[in-house]
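One chain, chain A, appears in both complexes that follow, with chain B as partner in the first and chain C in the second.
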Partner chain A sequence: MTTRLSEDDIYRTSTQYRLWSYSPAQLAAQRKKTHELAIARARQNASKDGEQNGASDLEYLTEEEELQLVQRYCGNIRSVADHLKWPMNVKTTAVQYLKRFYLSNSCMTYPPKEIYKTALFLASKTEAIHITVPKFAASISADADAILAPEYKVMQALRFTLDVRQPFRGLKGALMELMNMAEGLMGTLSNTEQKTGKEVQAAMLALKLPPPGSKTPWKAPSGTLTPTHLNDRIRAAYDAARHLLDAPASLTDAYFLYTPSQILLAALHLSDEPLTSFYLDTKLPTTSPHRSKILSTIQSGAEMLASYNPKGMSKEERDALEKKLDRCRDPTTKDLIKSHAAMKRNGVEEGKLDEEKSKRRKLEREKSSKEMDDLFGPSLAGGKANGNG
Partner chain B sequence: MSRLAQQKSSPVARRDGGAVRPPGDSLLTPQDGELPTRQMDRMSLSYSTHTDSPATEVCPVCKSTKYMNPNLKFLVNPVCYHKMCESCVDRLFSHGPAPCPIKGCSETLRKNRFRKQTFEDIKVEREVDIRKKVAQVFNRREEEFASLREYNDYLNDVEDITFNLINNIDIEETQRRFKNHEDKWKENIVENASLAQQEQMLYAEQQKAEREQAKRRREEARREEMEERKEAEATRRDMLRRLENGQDPEEVKKERAAVQLKKRQNRQDAANRQSQLKAADATNGSSSFVIKGLKNKKAKLEPEAPVDPFGGLTFEHSYFSLQDDYVWEGLREAKRDPLIAAGGYDIASFTGRALCEAFSGLGVMVADEAVERERLNEPETLSTTKAEIAAKDVKMEDPF
Partner chain C sequence: MAEHVAKSPALDVPPEPPAKRIKLSPQPKKQDADDSGPASPSATPLVADLAEQLDAQERNKYVKGKKLGSGQYADVFSAYLVTDPTQLVAIKKIKVGAEVKEMGISYDSLREIRFLQELDHPNIIKLYSVFSTKNQNLNLVLEQLPQGDLLKLIQDTQNISYTPADVKAWMLMLMRAVHFCHANFILHRDIKPNNLLIAANGEIKLADFGLARSFADPYQPMTYNTITIWYRPPELFFQAQFYGGAVDVWSCGAVFAELISRDVLFRAWPESEMNMVKLICEKVGTPTEENWPGVSKLKGYVTPTEIQPVRPKDYWLANFRTIGEIGVDLLMKMLTLDPKVRLSAEGVLKHEYWTSAPRPSKLEALPRKGGGIEVMGEDLKRRGGEVPGKENERGDKVARKIDFGAAK
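== the complex of A and B ==
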């Protein structure tokens, strides 16, 4: 019994697909639910606090405002990463972490100001940029504790899935293939119409010029096209697509709605439409049942990337929002550092646990550490779970 | 000097194993350095009165000792394993079967069953006898069993019986089982015994053939060496003779080299022919070549399947086929760079991965599939919402 796995099946095994892929409607519903839950909690807190301020709905952030704020801090992450000269993949991962985090948490519970550095630090670890917390904290002039305190929280919200599938390497793959095609070295796959390498090259040379409005900076030279010109065209399209993948793709919701492969083809589509269509024609036979579906998905992805507005909110707008947030934020998560420290100790400060429980834990810990010092370690039966709290 | 004399005069004092003890030195007197418990053990054994200790080589029947009679030989009868000297056996049993002279032993013994003791410890002697007897009857072979487990069970049963016989536990029941088995499987036992004998003969033959071959090889090598030496001597003499006759030394030297070359070639050709012949022999199966340690059993019926790390999964590319070479200079440079190649980095693994990622998920319609998943997989979404709720819960933070 051999099961055959195609590229699509490989993607289906990823956590990005299993946990972090939504339809647009689902995504909106999820954000709405989170927002409502946060407001409900805030109201509850307000009523518990006392009746001195009968907080009205007006004071809470709206869903839109929350999104804007998150977006703003995604931009922050990117600029900090640029400042540290970290590569593109770290930026993308960190931005996705922040976006994923605010799918299940509200800005009012955890202000992005406190979270985004942690997201960046986590991303630096997953993307193998090795830096210590003190170093990192110093380079962005932040407090090391403030970076570490929400880390567990963020991990939890990410559901402990740290893999972010990115389109950058895939784009290189496409570049490789296109270049070989331009050199006339590569025929088409057997499942499309068979062509030799030379035929493919000729077809490429006959391609229409990129329509006005394309992102590629390439301009057709005067005279006849040669393979060298084709090469330049491909390279220009690649560079343009790479820029599209860097900012618009990671700052929009593209990662929730599309697969990396679709995103990269959408970016190529935006930068050089005729070239991308030609490339896709060599991959998808006209008889393929999925062809129209895939093409329309790429088209809609391209629209999404094109609709990205690089102009975020201004500083004043942001300050206004922050002020508003300060007024309505959840007081229980106000001091993350302190609660983190308390959790690491016996949790007694915040009154989260009663005295007796913390004492019992302390005793247990002492006992186990004492047993560890024994010659043969602690007894096996002794370690039975007294879990859940 | 004085010490030596003392040793000679009184062997009693010697404590090492081979010492001779005087007749009076009975078992029951504690020997120095020996624990009293050991003594007790010996006493509790039924045949403790004629111990195997070389220090007390005294015939329990006639009380003659090795000290008095250096030719004294002890014999045992594998019925009761009581030890007595040769002369006692002659005296008591030469007129046919007679009861054992040892007090408290009622076995009737025959003279022809008496034999020399192989092991010093009479217990070992007895155990070996019993094991031999049992092995003769329980001689089933592993290939007669369906599985190794069953064979092991059988061996366990056999060992149980043996143990019982040796230690006199449930002796009647065990004897009955033993007899039953013997009667029931008479033919099988005989067959297996003859098989074992054949195997043994085969093995002996193989050994003999091996030895003979080794001998032949040695002789061959010796002869060759001799011939070579003789030849070398002859050519040398020939050369000297020519030089004596006043030939040009250079020419002689050249001639000699040519002759030697020719000879060497001849020898090589002969060796080649020989080896070809041998190979042909081997293919015909008539070779005298013997391989050591071959099992004369059938080969394993089914060869083990090769390890499949993906457990039956295969990967297929539906959107691309990997090319041998890519003109993109990024890759070209990587290929040229000795730093990259020295680390064992395989360019093909990068190109494969990049292309796989380029199309991985191209046909995955996230929106449709997410809706479908939600519809089909209610429990999963339920659990994810649960996880979200839990993520808000303070209790989740609890590391305990």
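== the complex of A and C ==
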């Protein structure tokens, strides 16, 4: 009476897969669009204000600068979370919230310094940390209203999806399996060649050593390897991989481009390549038609993690960028707190709008729908949607 | 989609788009790089905030109708699609209480949204989309489940009778839902008959994920102050902070017993934790180191001094004979004191109960709620389409946490 649910099947129903997974080209295109829209809008605002002084592109943030800014505030999220001693999953979720937010918003529309605390606070709630706004605000010397005001904005930009699938549990699973194999407790599994527990253990003992440049700190002892050494090797690889799952996986685009299991295998691969290949071989028959594609995906994931550069901008660069943002920031979205308060005060129900107003809104909607289609793809009429094609 | 990289290399499964979902919300179109020309500035004002526009677009897809019900933290309305009035949905509008100043968007609604967005299963209430209204209310667009809940059926002993085969059918749907949650690393933590809603075709749908949480990290302590008290397992009364799917299985066991005997199994009255522990000791047996190694080390471990040995099968058979011996065997395994020994949801589904006679009833054969009269009466009090203004009325804000009664 049970249906086996593979982790893979489950991942494919996740919002992370359905809404937040991209190919590199799609991701770049998405960011480009968001950026260009923000600039087009800023130009329009400028000309409306009568300041037709031929404002040149130089005054606006470049796409690259936007990315740098977002990256910087992802770093801030991480330091605040560390300061509050919050667990890894909160930090990771908050960083992805911020990154997702800026796929459809430009820093020029909503500067990240006004958003990142909200993203972190929201993540603290979805990840079951219990802290009130006033307490949270006080602990980071921020203003409570400033944290709450953009909360709906963030929810909207997240498209009301709050779950961030993370690779940590999967990595722990791999650790357990590898340790069992090292102890000779596990023969190889379904659909690969059959081996006894002892044979698996022997094969592990005969593995090549991690090549130079591997992230694992483990060094082979002199003399013959024992299962205890093997255990050390696995632990060391795990620790190094877990380290890679922190900043490198979280701050690069890995979550947009790879699945959690691909990310963890990429991290293991960088830590101890021979061990990881061995592990994969126990899962993936050499005859599998998908094998080469899977291996190359892990390889490219590993390259992405390896490319992570912890050195951010210098203080001067940061200040210059913030100054530039101050100049080109969208004036119409400036007072989030005020508009938040106003909305709370005299919230108008859509049903209660008078006829005139709703007609006007309908017109506006039609006008703007083209832009939306550009951004998120056309909406599906009539609710007779099929899967994402 | 061929280029899509989302697939697990750990498994030999080719990447595929997810199975068809009836999604009322727009799906993102994963565009190819080559059809991504620059956004052309047009003559019309460019919107500042596309996500907000998308939200508005979603909101305007529905026409809201009469109120279907209301709970502690939400009002639920019937609604239909503008483009197709035959397509009914339920819109659950989250009440905004005074606690927003402290918390912002409430935990309950965030949890419900977070988890329902991830779960797509025939026996779990479907969340089609979410939108917000101008005054920053969250609205969940849910599938409409017009047949009430399981509690109403259990309690309507006057008009509704049902068979062991019906019980098996309902339990099977419940257990499939719970197994699916657990396979997704989600604990429901509020399983009880009134959170099991019934669809037009008779299917059971697990609803109300306001107390759910993910058990992704086994080293993070969780609250023991959860699950409606009558359905709460002994480990939570003993204040265990590390627990798993077994807590939900206990609740399911209590629902199973309630379906059979049409009475709450552990109806502590008054509803105190102490009374609950007493009742569990009396009806199942006193938790001791013998039947539950480690139990005495739990922080809140207290039991009545007089020890009741674990009840043997005969005791259970005397009370639940109608479900048969095999059914009683399963019931006992779901209500086992030691959560490590208690069956997992998967274990429950593998029990021989499901494949032994009688076969679970077909959906069409399941009894439906009798009185449309009560519902009609409610409707007549309101004019069509009018939405009763109950904006600022909110019951006890913390009641959900403290009042575990819910004896409705």
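Here is the rule we use: the second predicted complex is superposed on the first by the 337 of 389 C-alpha atoms of A that agree within 3 Å, B and C clash if a C-alpha of one lies under 4 Å from a C-alpha of the other, contacts with A are read in each partner's own complex, and residues count from 1 in each chain.
Just so it is clear, a residue touches a chain if its C-beta (ideal position, glycine included) is under 8 Å from a C-beta of that chain, and two chains touch if they have at least 3 such contacts.
Note that the structure is a prediction, hence the values are computed from the model and not measured.
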| message | Looking at A:134, would you say it contacts chain B, chain C, both, or neither? Reply first, second, both or neither. | response | second
| query | A:180 contacts which: chain B (first), chain C (second), both, neither? | reply | first
| said: Contact-wise, after the overlay, does A:258 reach chain B, chain C, both or neither (first, second, both, neither)? | reply: both
| query | Does chain A have more residues touched by chain B or by chain C? | reply | C
| field | Touching partner for A:171 - first (chain B), second (chain C), both, neither | value | first
| message | Taking the superposition on A as described, I'd like to know which of chain B and chain C A:283 touches: first, second, both or neither. | response | both
| request: Look at A:10 in the shared chain and tell me whether it touches chain B only, chain C only, both, or neither; answer first, second, both or neither. | output: both
| Counting only touches as set out at the top, which of chain B and chain C does A:22 meet: first, second, both, neither? | both
| field | Partner chain(s) touched by A:217 [first = chain B, second = chain C, both, neither] | value | neither
| message | With the touch criterion stated at the top, can you tell me which chain A residues are shared between the chain B interface and the chain C interface? | response | 1-2, 5-8, 10-12, 17, 19, 21-23, 25-26, 37, 41, 104-105, 109, 152-153, 156-157, 159, 169, 191, 257-259, 261-262, 265, 283, 290, 294, 297, 343, 347, 361, 386-389
| query | Okay, in this complex, where on chain B does chain A touch? | reply | 312-321, 323, 325-328, 330-331, 351, 353-371, 374, 384, 387-388, 391-392, 394-400
| Once bound in the complex, which stretches of chain A touch chain B? | 1-8, 10-12, 17, 19, 21-26, 34, 37, 41, 104-105, 109, 152-153, 156-157, 159, 165, 167, 169-177, 179-180, 183, 185-186, 189, 191, 256-262, 264-265, 283, 290, 293-294, 297, 343, 347, 352, 361, 386-389
| task | Spell out the part of chain C that touches chain A in their complex, as residue ranges. | result | 1, 3-14, 16-33, 36, 38-42, 44-57, 59-61, 64, 81, 83-84, 87, 100-105, 107, 110-111, 113-115, 117-120, 128-138, 172, 179-180, 183-185, 213-214, 216-217, 220, 222, 346, 349-350, 354-355, 387
| message | Considering only the defined contacts, which chain A positions touch chain C in the complex? | response | 1-2, 5-15, 17-19, 21-23, 25-26, 28-30, 32-33, 36-37, 40-41, 43-44, 87, 89, 104-105, 109, 121-122, 125-126, 128, 132-134, 144, 147-148, 151-153, 155-157, 159-163, 166, 168-169, 191, 257-259, 261-262, 265, 280, 283-285, 288, 290, 294-295, 297-298, 330, 332-333, 340, 343-344, 346-351, 361, 365, 367-372, 374-389
